[in-house]
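Heads up, the next two complexes both have chain A, just with different partners, chain B and then chain C.
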Partner chain A sequence: MSALAHLHRPATIEEAVRLLAAGDGERVRLLAGGATLVAMMNAELVDPAELVSLAAIAELRGIRALADGGLRIGAMTRHRETAAEARLAGAAAVLREAAARIANPVVRNMGTIGGSIAFADPAADYPPALVAADAAVEIAGRRGRRQVPAREFFVDWFATALAPGEMVTAVLLAPPAPGRGSYDKLCRVSGDFAIASVALSVAWRDGACERVGLAVGGCGPRPLHLDEADALLRSGRLGEAAARRAGELLAAAADPLEDVRASAAYRRRVIPRMVERAVAQARAQLEANR
Partner chain B sequence: MSTRRPLALRVNRAEHELFAAPGDTLLTALRDALGFTGAKRGCNQGACGACTVLVDDEPVRACLTLAHECAGREIVTIEGAAGAAQALQAAFEEAGAVQCGFCTPGMILTAAAMLERTPRPSADEVRAGLSGNLCRCSGYRKIVDAVLRAAETGAP
Partner chain C sequence: MRMEGTFEVGAPRERVWRCITDPTLMVACIPGCEEIAPVDARRYRARVLVEVGPVKARFNLVVEVVEELPFERVASVTRGEEGTRASILSAENMVILAEIGPALTEVRYSSDVSVTGRLAKYGLGMMKKRVDRLGVEFAERFRERIAAGATSA
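So, the complex of A and B:
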């Protein structure tokens, strides 16, 4: 029998933060889409006394353009909406592709971007995509809002930069740039968590790479990202040699688990192949655009 | 501790009053309080799809949805099948797409929502659309046939 005594439904972020701060991190939990939290409650892995449902907070819903042309994806935006968002194009398409690979259509109809990244499963699809796109995470707490780059948000296995009493309110993206964003996942069956995944976001102008973001998921405590690999791909214009070297660097830096999905050695072995394939596809598109 | 509280749910186009604890899932409310046992409790983890119902015309896992979050929303279970879901029931029967039947309500409601959005799906689109619904009799082929058949006969 669950200990849950209260299900709050605040209408504002400030009220949600106030309710959350009244707990100690275990006793009060935020409920987003339920796809993970309610499953964990059913399995008796967590037993909160109070839940704060975010379903009634209008500010957390939907995707909108910012004054600078960037995009703000509210924390309660469902994976289905993100997967169908036409403005996530060019270099930002990495996020749309990652959303489309999460679980299955029904779970994509429930799960939210805020819930997914706050849980921070390193084998999930959004973390490497956000890191590749160099997105920022907007966080609310008792002292107001702050932003954290996605590259600093994911800190360890299931651990984020969120302090006790804080919540994710949105994911922020720079104005979508022409280019290519792609997300590739190797998994046992459709919709499973990744054995390994590769997120790539390339912005280009006049046939030259302006920005490259490459991240690997499922191969360590947090999305694997190396500034050195990004720089190599940019200066090497997505060439074969640069792709090979970037894949080797990432495989060497990986810290994969041995689990039911694959051995650590297997994961290290597939990383370079997946990186080379993603880069080759981006290169082909860049050349076609010239 | 978890006290039951009054809750009004709109299920299959009718109002129902019940008592539910804050942590009770929609699946518990439907099956144990209201007797809509068409929604099945398979894994209780959102993985199998047997509990899938429609909430405001969209498929959700009843086992991952809290009952009190559903006040004021339109819930449809297999007992309230209408339109595409009814056409699918007939097509499943004709195609022999039912073996033990445990996955069938979730399959039909998931497929009904898919046909609303994609009235003429390809076989691959049907497979992708039903990828979150497991059939442990492994009768997928006839299930895909049945959905395609319903799409053919049900389309205007």
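So, the complex of A and C:
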């Protein structure tokens, strides 16, 4: 291991972006919760000369309501805060449930939503939840801010729509709608990364589905999502046949890894079962509400 | 970790052979390859950049041709390491060319790669997916080069 990295503590996003742009993507790195980055430094996977801590930037902290009733989750919001956020209800509860299933209390106290999605581990819990909820990611760079739908943000294994020199500043959610959001994670032991996960976000009104978002995690380079599966579930009113077909479609589209957690074939097999279970639970709640 | 694949190229076998044994053309086709220079009649030195998420690894490799049957097959071994970071890579590679038609050649490649050191800490499952994709990218670039050469010739 080389000498200790120099630590910057900018107070604004603009200053952080300026410091980041001075590097080449390797020499200067952003430090959020450090749960992943510090472990990678210890393992000598990365060896930055300068770290830009995001801890002193007030704008990145906390969850607040937007003028339109939507929610803005600052990049430095810890998993623990997101897991306890009461406004993440109805269809948006998928995000709260995903946050609650990340690792263990220690990691949830450290890790941030910005760090998690920027790292884009294919087995991480936020990515499928954000895709299911159809959230947007706010990004800052030298040329200002832009927004990217979560469905386009995750690009590949550990790769996102972030260009060199850009950072995540927030996750944006539409105004919470009545409905159900659920996150189911299959893992070897509690607190482990997912073998496979299913995120479901359903918004309903007067007993009819208005919007359905379904995404599978841990089974490909990026969260698995098909417009066709969403449409089937919506038009099929979360029915059994629609759930079965959606599960089949997603399993066929999956590109799972073979790793220490499970074989690729096993992952393909559990997808339909997890999808059917999540949809059945949503259906039961929809019918009870009628 | 074994990687293998097959692709077809719309060119005569002899021409494909000349291309796969041409270092400058190979640099342009191998994803992440920054440099290839001959060391002697059987050996090349190559520098290859491998990127996985936030991790970048630059390997200094020596490729040695161990068996060559012109127009048909070439077997080589690759050995090398990352500059200062103690990841060691070794591979046994084979490329076989088969004539399918007067202007159609099948390229079959396989490589048994082993990586030890810091990069091995990354899941091997994902590495294999990455490497498989590099194979596809290589085939695309190689075909493009041959097609471009064919029109200018």
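By our rule, the second predicted complex is superposed on the first by the 287 of 290 C-alpha atoms of A that agree within 3 Å, B and C clash if a C-alpha of one lies under 4 Å from a C-alpha of the other, contacts with A are read in each partner's own complex, and residues count from 1 in each chain.
Quick note on the criterion: contacts are C-beta pairs under 8 Å (C-beta built on N, C-alpha and C of every residue); 3 or more make two chains touch, one makes a residue touch a chain.
None of these values were measured; they are calculated from a predicted model.
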item	value
Touched partner set for A:A280, first chain B, second chain C, both or neither	neither
First (chain B), second (chain C), both or neither touched by A:L226	neither
Contacts of A:L257 with chain B and chain C, given as first, second, both or neither	second
Chain B versus chain C as contact partner of A:H6, first or second or both or neither	first
Touched partner set for A:A103, first chain B, second chain C, both or neither	first
Which of chain B and chain C A:A89 touches, first, second, both or neither	neither
Chain B versus chain C as contact partner of A:A161, first or second or both or neither	neither
Chain B or chain C, by number of chain A residues touched	B
Touching partner for A:A43 - first (chain B), second (chain C), both, neither	both
Shared chain A surface residues [contacts with chain B and with chain C]	43
Chain B residues within the chain A interface of the complex	1-3, 21-23, 25, 44-46, 49, 52, 58-61, 63-66, 68-69, 110, 114, 128-129, 131-133
Residues of chain A defined as touching chain B within the complex	1-7, 31, 34-35, 38-39, 41-43, 51, 53, 55, 103-107, 109-110, 190-191
Residue ranges of chain C touching chain A (in the complex, touch as defined)	52-56, 85, 118-119, 121-126, 128-130
Chain C-touching residues of chain A, taken from the complex the two chains share	26, 29, 40, 43-47, 119-120, 122, 157-159, 221, 255, 257-260
